[in-house]
């Protein structure tokens, strides 16, 4: 059987990390866009849309991502829609990310004091104008730290795409652990890689948050 | 495709599912209670505790929050025996959940403590209470109340995340689904059923937590002028 | 039908394991290799089509097949009646002797001796199915997600014994671990079969024919020697 | 015809009736002080006039137009009636100048240059010409409140509603805001203000409206009302506020 | 010997020296009013006396014991000197009664029954016997402040520090709190209070301390100080506050 050197393991893991990064970026970007749409539906005036989005969020926040991935890939296949693994993986991750981001952002919008709504209303602005000029710009600012913070969850969430055949870093770790019988080395490296990917994100989220609390301005 | 859903297996395998659900519930009960307790301690250490302890807690929190749960689980179950610490898979899963929730809830609770008006600490101090007494009697309850919904969501997230403990042979709900599908090859039916059960558990769990919060923090919610 | 689809497309997609040495694992290039992979190559050759390998796990290999994402599953799969109700199996293509393994100082002479012991096994594997039938009621079976979990559990002492293939055990011993698994008793000689969707008689006949031919002309024996280090048993 | 006419107005929050039939006519150029105990419904009345609350019964007419609760009418109304809040409610992400310009640009669709010219005039009028580019959190409370007044004035309203515009201010800063209001009154702006500053109410207002438990209890010229309160409630209120 | 003796006290926040050498002796039973402009250091002085701020130079002695900045000493000190804040700082998750009982139980380790008896006495003393089981958010500001006073009194302090105990209150509620303080003064409690209520200071206090830019600028009996302010700063301050 093939012998792995440490550097071979590291190289293989780093290679797989590429997938983790790509998947994270795509899910985050796509999830952000969809999340924005959901956000508007959720805080909009249509009661019907609100309930719909609420149900959506409940569903995607209330079931394991693992199951969502599985059903997105194979479930669609059952209905004769053949989706490539990367499509299913990104679709499921995007849907999942969007559900969380929409909720996070809704929280930011509702955190804007009522006085801001009233002041802009009393200046004659419409709902849309209030949103566009007064509420969203302020909500956007306070939403940055939690959004960056959530990106860590997305990175970690990509680990589960192995169920549909993605060889990202966790899966590569499992395979390598089995091919080398050195699970501790391999998982140690995997943990290290995740930490290197995630820590800068969670750290900057924290710094941003602190900054925001100190200089409450512009 | 002409796939025919077939739930005949339910007749044979429902006990597996039942015990899987029960295991998942046990996991989140232990993980939830001990995890929040650990979170309270860590939040205290970071806000009021001695500096060195604060640092240790900070490192612990960052390590846990920035690595996947699955990897943490593998380390506890496969790694700790290497240094002579053996535990069965259920204990390992519970420990992993406690450690995981502990780290997340520490951050959440800390936010609640930091949002406590300075006046509350000062009022406690000026009544000659020690910092720990002030924390315990004055700060903690309102802080928990403030962040309770966030904490409830985190508990639900950890419950859903527990679906990977089947990897170390814990017989939870996901295990039940996997087990059933490995015997019958009825994968969709098994996963579909378990997804629905998870959804139900998540909804019930969040509802229960929020109601519990209403109960123990009932004081302020009553008749506000 | 499936066979003519394959020939007209010119490609066959085959699900193979990547966490189950020596049947399927990865080389340093992270490409799958092993008995099952060579078998897949053989079938593609004989069909005269291009081979597309799809790495799977024991949890998802059947859904892959059922949703038409692969044409065949060659994943050291054993058969039983429940499984046969869902998919079709070819004739056997690989031998698989599975047994219960434990360190030398653990006394196990047969299934009855498992009483009160913890045994690790890979969920959904042949040995899982068989052991479940023969193990005494007070033996504890720990079913891990994949082979890796089973082996790690054994090596880290989380289980006292494991049930697995003899070749798998040999692979462990070859790496000289602190705990050496030693065959205690044979569970079953339960060969591996190729899985395919139901009601594809043409494909099934063709695959059976290829296996039969490979058995007689020695191709399969070569694969066996290469990966299992032994001749193909006569009774396969 | 009165500028603002309120007729048998009733307003409830749930089962709690907060306004129990209010009748009030306000002429152009009048300066009205709304006084009364906490919870008597003063803020609610102002908010109803500005359409921030939907009313349960009765009618409000502003400039001859009855208040209807749809977005178009409300928008129209609010361009005629400005409102200033106790908590200033400046937009924290915009400079003082931008605060004053924003509604002109998006609601009145004025070009930027024109909006800015108007904003500068209004900032000057409240004595803050030099703070045009400061952000709200760089201003004192009194300055913030004056920006809020400038912002309302820039919409060229025919009336201004002021809800305790000085109660969130430190005592030293009250005077500067009251001075601005006093000037507005002199220039003939119609003002309806909730205030606790009795001395100010006496000096500046043309009419005093005393509210008690959701009703208008007494109305009159300030010197008369102060000198000779008819009801015991008003007497006790004045005594307390001395 | 004075109950509280402050000696050459200096306190800085960073490079900003807020107290620039304060000397003050307070005898048992005295009622001291601290007055002065915003930012002059009144709150800081009170907070130093109670050990809520660490001092940079000088010494504070309470009841003959010098203030040392360790937990045990501070706790001892704070049992002798109670403090009441502008923002009440009641514990929102406890009823009024529990607010008064808490410190007795955890600090003085009194059994519950005893603590409750004391709490009921104190609640009665501030006129709130019937609000024992109300939560703070069910009480008016004035009532909350009176609970805060009861809470401090329950610790049986020898002196009370009051920092603008009425400035967060609506005008109608000020009187009820001042009445409680007045009663305390009559009963001989040593009081050091920061206040903006000049009339009250004049009536109740035995000495007036005027602070200006971190220093004690003038001290004296209130009738003298008001009638004849020696420094232009105090003169202008009295003028403003009238």
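The letters A, B, C, D and E name the chains in turn, as written, and every chain counts its residues from 1.
As a working rule, a residue touches a chain if its C-beta (ideal position, glycine included) is under 8 Å from a C-beta of that chain, and two chains touch if they have at least 3 such contacts.
Listed by chain with UniProt protein names: A, B = ABC transporter permease subunit; D, E = ATP-binding cassette domain-containing protein.
Only a predicted model underlies this, so the values are computations on that prediction, with no experimental measurement involved.
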Least hop count linking subunit B to subunit E through chains in contact: 1
Fewest hops from subunit B to subunit D - one hop per pair of touching chains: 2
Joint neighbours of subunit D and subunit C, given as chain labels: A
Chain separated most widely from subunit D, comparing mean CA positions: C
Taking each chain's C-alpha mean as its centre, the one farthest from subunit A: E
Superposition of subunit D upon subunit E: rotation angle, C-alpha, nearest 5 degrees: 175
Distance from subunit B to subunit A - Cα centre to Cα centre, in angstrom: 20
Centre distance in Å when subunit A and subunit D are each reduced to the mean of their C-alpha atoms: 46
CA centroid of subunit B to CA centroid of subunit C, Å: 37
Rounded Å distance between subunit C and subunit E, as computed from the means of their C-alpha atoms: 82
Numbers and ranges of subunit C residues touching at least 2 other chains: 59-60, 63, 66-68, 152
Interface hub residues of subunit A, defined as touching at least two other chains: 70, 74, 77-78, 183
Residues of subunit B engaged with two or more neighbouring chains: 1, 3, 74, 78-79, 82, 187-188
Interchain pairs in contact, sorted by label: A-B, A-C, A-D, B-C, B-E, D-E
Sites on subunit C touched by subunit A in the complex: 18-22, 25-28, 30, 33, 54-57, 59-60, 63-64, 66-69, 146-148, 151-152, 155, 171-172, 174-175, 177
Contacting residues of subunit A [partner subunit D, same complex]: 113, 115-116, 118-127, 129, 132-134, 137-138, 141, 216-218
In the complex with subunit B, residue positions of subunit A that touch it: 58-59, 61-68, 70-71, 74-75, 77-80, 152, 156, 159-160, 170, 173, 183-184, 187, 190-191, 194-195, 198-199, 202-203
In the complex, subunit B residues that touch subunit A: 1, 3, 62-63, 65-71, 74-75, 78-79, 82, 153, 156-157, 160-161, 163-164, 174, 187-188, 191-192, 194-195, 198-199, 202-203
Interfacial residue positions of subunit E with respect to subunit D in the complex: 37-38, 170-172, 175, 196, 240-241
